[in-house]
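Two complexes, one shared chain (chain A), two partners (chain B, chain C).
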Partner chain A sequence: MANLTIDGKEYEFPDGTSLFEACREARGEALPHFCYHPDLSVAGVCRLCQVEVEGMPKLTIACNTTVREGMVVHTRSEKVKRASQQILEMHLINHPVDCPICDQAGECGLQDQYMEYGLYESNVTQATKVLKTKAKVIGPQVILDQERCVLCSRCVRFCNEVTGTGELGIFNRGDRALIDVAPGVELDNNYSLNTVDICPVGALTSRDFRFVKRVWMLKSADGVCPGCATGCNVRIDHEGGRVYRLKPRRNPEVNGSWMCDRGRMTYKALHDERRLTEPRRGDQEARWAELQDELATALDKGALGLVVVSPHQTLEEMYLAVRLAGSPGKVVSGPADAGMREGDSLLLDADRTPNRAGLGVVGISELAGKDLAAAVAGARGTVLVLGGDPAADAAVAAALRQHGRVIYLGTHGNETAGCSSLVLPGAAWAEKQGIFVNRQGRWQAFQQAIARPGNAREDWRILAEAVGRQDEEAALGSLKSVRAALAAAVLADPSIDLNKLPEHGFAPGGEN
Partner chain B sequence: MSGKQYNILSSRFGRADGHKLAVYEREGGYQALRRVLGGMQPAEVREMVKESGLRGRGGAGFPTGVKWGFVPQGAEEVYFFVNADESEPGTFKDRLCLDYDPHQTIEGTIISSFAVGARLAFIYIRGEFGWLIDRVQAAVDEAYAAGYLGKNILGSGFDLEMLVHKGAGAYICGEETGLINSVEGKKGQPNIKPPFPAVAGFLQKPTIVNNVESVASVPWIITSGPAAYKAIGTEKSSGTKLFSVSGPVKRPGVYEVPLGIPFREFFHDYLGGMVEGEELKAVIVGGSSVPVLPAAEIMNCNLDYESLAQAGTMLGSGGMIIIPESSDMVELIQVLMHFYFDESCGQCTPCREGTGWLHKIVKKLRQGAGTPEDLDLLEHVCQGMAGLTICPLSDAAVMPMRSFLAKFRPEFEALIQETAPVGPQSRWPRGEQE
Partner chain C sequence: MSFEGLPQGSGAKEKSFKESLYLWEVLRGLGVTLRHLVRNIFHTGEMPTMQYPEEKRVYSDRFRGRHRLTKREDGSPRCVACQMCSTVCPADCITIVAAEHPDVEIEKYPDSFEIDLLRCVYCGLCEEACPCDAIRMDTGIYEIAADSREKFVVDKDFLLNNTTDGTR
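The block that comes next holds the complex of A and B.
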């Protein structure tokens, strides 16, 4: 451990801690910076995080310094303030200041830091600025505006160090230096949009999000990406019932600061035209009120033949499915290979479902397609399909059609919905709270971001009501109570409050 | 009359056959190497160079023996680089060393490599010195053939390979980490320090980079002893130094003089004073990156590290630029500001943007659109560049800019006054208005 003084107060940090991070903690906010990033190598080029270390002849950059015993550091002295103001001015002299048409406006390092550390009168006229290329398409997802770039090199380092694909480079030198792709090369990898996230200015923008929404109008919720078993932590940016983008939320245990481009696009399915918004019996739209009795009868313990649960459902829903089925033989998942594709060594898992590990937690076994078809064929009574699209498997589809009494609680008008006599609109991942268990066995809770479309309902509520009809003692009227029951059923330590999972997720039996 | 020439470094300068191995050997060449490999320990060699007080001749003046001592004890893989990327405006001494006497540098390199434990040495030659590359390569080939390079040199068990590497034409590759990066095939730009190259340089292994002149001084130090070297020059600036002198003096050229020689003596006795009809106005004493001194100030200086530091400038590379009264200081600074603007690698923001900005303002003054505020703006931009970057290029632009302004401000003011528009103040030349 090293004891040091930052801005007059004493702190203790483990040896090897970056002075930048120490200052962040001491100040309650980061030092001004563009190039520093906790998950990338130190470049030390923006020169903004200058601090005064007593005994050193010049100011020094905090990002390339580690804490030392007895260090006395000043981050708010006049010398430091003047340096950051002047360096910020350098960053801006050739910047086009085209904020009114820039997507980054509102979450821009230049804007924010000018307000915090700049506030000087400009010495520059537009006519003397160095001109570079604007709005250059450099890949399927990303557009580059070289004039806005502050050459922090984060994007270059990302492509070199994280993906190892090296598409981006800094070409030319002096104030003619610019970020670009080499001729014939595209920024085309499944992680390319991370460069947009880490770009502190509007130089790299997302083609998907470009000119779609002003960022200050967005509200955010903490989510977990439903795109694969990795469970990258995401921020769901939404407004007026629509999700506009997903951004990675840093979780060093799971995804670092990154997520894949494929995962980012999962939000689009939320607003797909195939979304189920109303209950439907056969070809007819129905109202929930009319279905109460029918559901009560069909989902009664005696009438329920089989529950087929998708690994897309939340852990709470899986648990309720087990409760509803009553006996372990009556609840299955499948086909077992559904959602299995090719993964990569970075974040994208071969399993494109978010909660397959959750099935194991509550004791639901997976069946291969033909076994699932056989189970459906042999089911005496109602078959309840909970999410997913098992009927994408032809044998399962045939068995469901043959069976006739199939209820589908799901989000999209897919094959399975077509095979079902009763279709109920459920809530998609951004429209409900829940827990996914990722491939590491880490339990991660996510918040609801937007309202459900039409008359769609939360799946857990429908299931909990059905359980309640059979078991008056169940007392599952709230998600909180469902979680308490879940914890009691599956955790060694049932006192763990699933409503307050640790920030980086919870690994039962593990380190947390 | 002319001053005494020392010849530790320059005895073969100007001689048509000086570059030949036979000539070098006949005049005592490779005797120092024989002595070193005949039983000296690397630590002894390091100690001798340290004792000699030899300071890096590339410009920074850091003690060479001390730098060698930064290589971690017991390092297995060490590299040695000779920096012949001589690009500092006004400097043209290393090229003479290599052109007329390549074997002295090669011998110095072998001894230095032995001292730091390197088994591979590079001579990194500025790309524009096309003919020098052939000259040095031929000398290296001769040294291999004579058994001074390769396996088991002179039967000592010491192995050393030597490669001649051609730079691609960037000033910044003379900065040691920029040089290393460019040899690694990366963009030629300096690395953030720490780590220093002596700890993690070429291929992340301990690496020593020394200037040609420093390395070329080593054989003499071995042969004549550190005390003899230290006896030349001043207490803190020992030995001789090559000065490359340009400008309208009677005898411009490269001179080897003992450090500490009064400028006045050097100017009159060696350079022969100004050519007819010219008066001395100012001197840039150590390459374009050091502060300029007006005639009256330089005349009282001695040419050594301490005296020049005291006078507010630096000995630097010894690239001495003599400026006559007839020169326009604003025009001169425009040339220099264009150089740094063109050569900034662009990674650190203050340098990338500042060098361009300084150049623009000076250009504007010269275009006749300057205002008195521009002089304050120049100072303001300098302040945002000084001491804030990875390498010294930013400071190298600031030092001439600031000193030109400080010492010759009336010339800037006169230009602004002469070209002041009669009508409403115009901030920028016509056609560049907002």
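The block that comes next holds the complex of A and C.
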């Protein structure tokens, strides 16, 4: 441990802690910076995080210094302020200041730090700036503006250290130095949009989000990516009932600061034209009120033959499905190979469903397509299909068609909806709260971001109502009570409050 | 509840027979009308009424009338769709959809630019926020009338060309 003084107060940090992180903790906010990133190597090129350390002849950059016993550090002295102003002035010499047309405006490091530490009259009188290439398409997802770049090299380090693909580099010297891809190379990997996130200015911007929305208009909710079993923590940026982009939220236990491009595009399915918005009986649109009695009879304990749960559903919904069916044998999931594709060694899992581990938590077994078809054929009474698209498997589709009394509660008009006599519109992942259990067995809660389309309803509410009709004492009127019942049923320590899961998720029985 | 003991209002005052006829008051009122009539006939220049629309009030050059979009030299809109105006607008009356411009020097332009003149409060914050001097309220047009709500929502072409008065 090292004892040191930062801005007049004493702190203790473990040996080897970066002075940058120590200052972040001591000040409650980060030092001004462009090139430092907690999940990348230290480059020390932007020179913005300079602090005064007593006994050192000159200012030193905090990112490339480790804490030392007896260090006395000043981060708010006049000397430090002047240094960060001068460095910022230098970064802005050739910056085009085209904020009105820049997608980064509103979340830009140059803007924020100029307002916080800059606010100077520029000493630079030269009228012409060094011109570089603007709006250069460098890959399927990313567009580059070399003039806006401050050469922090975060994107270059990301491609070298995280993906190991090395598409980007810094070319030329001095004020003609620029970021570019080598001739004939494209920034085309499944993690390319992370370079956009870590770019502190508007040099790298997303082609998908380009000119779509100004960022200050967006509201955010904490979500979990539904794209695969990794369960990357995401920020859902939405406005007016529409999701515009997903950004990774830092979780060192799961995804670090990253997420894959494929996962980022999962929001598009929310606004798919195949979304179910109204209940349907056969070809006829129906109203929820008319269906009350029908649902009560069909989902009664005696009448319910089989529940097929998709690994896309939340843990609460899976638990309610088990409660509704009454006996574990009546709840299955499948086909077991649905959603299995090729993964990679970084974040993208071969299993493209977010909550397959949740099936195991509540004790739902997975069946192969053939077995699932047999189970459907042998079911006496209503078959309730919860989400997913089991009928993508031809054998299951045939069995569902043959059976006739099939209720589908899902989000999209797919094969299964076509095989069902009653189709109920449910809520998609961004339209409800819930818990996903990822491939590590980590329970991660996510918030609701947007409203449900049309007359879609939350799946857990439909299930909880049906459970309530079977058992008057169940009284699962709120998600809170569902979670309490879930904790009591499956956790060794039922006192854990599932409404207040830790920020980085919760692994029962494992390390947290 | 009882009103006894409270001071009485003027309505309760007893009128004499002469007062209740209102004859004198009616004549006095007619006298005022007659006086103004005679004065306006002989001094038409001093009449406060304006003969609108033949005659119109002169406003200051700084009067904020209906908006217009300014053009570049080649006739394309100066607007770069930065949405500063729609952000600052307190009435939320400006809707802009941005698009990629084929000329990389311009990069961004408004694919559609709509102002709902019924929602606009003519505060002028949009002009003030605009970094490109693309939106101005210097047309001096204040006669904004139409026979349906839809016609008050004016589009990019209308704001750029600004040929007609009123709404589209």
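Definition applied: the second predicted complex is superposed on the first by the 507 of 512 C-alpha atoms of A that agree within 3 Å, B and C clash if a C-alpha of one lies under 4 Å from a C-alpha of the other, contacts with A are read in each partner's own complex, and residues count from 1 in each chain.
Keep this in mind: a residue touches a chain if its C-beta (ideal position, glycine included) is under 8 Å from a C-beta of that chain, and two chains touch if they have at least 3 such contacts.
The structure displayed is predicted, hence computed values, not measured ones.
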Three-chain arrangement built on chain A, chain B and chain C clash or fit: fit
Superposition-derived comparison: chain B or chain C, residues of chain A touched: B
Angle, in degrees and to the nearest 10, that opens at chain A between the C-alpha centres of chain B and chain C: 100
First (chain B), second (chain C), both or neither touched by A:90: first
Touched partner set for A:345, first chain B, second chain C, both or neither: neither
Partner chain in contact with A:125 - chain B first, chain C second, else both or neither: first
Partner chain(s) touched by A:174 [first = chain B, second = chain C, both, neither]: first
Touching partner for A:284 - first (chain B), second (chain C), both, neither: neither
Which superposed partner A:214 touches (first chain B, second chain C, both, neither): second
Partner chain(s) touched by A:495 [first = chain B, second = chain C, both, neither]: neither
First, second, both or neither for A:100, with chain B first and chain C second: second
Gap in Å between nearest CA atoms once chain C and chain B share a frame through chain A: 15
Shared contact residues on chain A - chain B and chain C: none
Chain C contact footprint on chain A (complex, rising order): 98-101, 105, 134-135, 210-212, 214, 216-217
Residues of chain B that touch chain A when the two form their complex: 170, 172, 187, 189, 192, 194, 341-350, 352-357, 360, 377, 380, 383-385, 387-390, 427-428, 432-434
Contacting residues of chain A [partner chain B, same complex]: 42-48, 50, 58-59, 64, 82-83, 86-87, 89-91, 93-94, 123, 125-128, 130, 150-151, 153, 169-170, 172-177
Complex contacts: residues of chain C adjacent to chain A: 80-84, 87, 98-100, 104-105, 107-108, 131-132
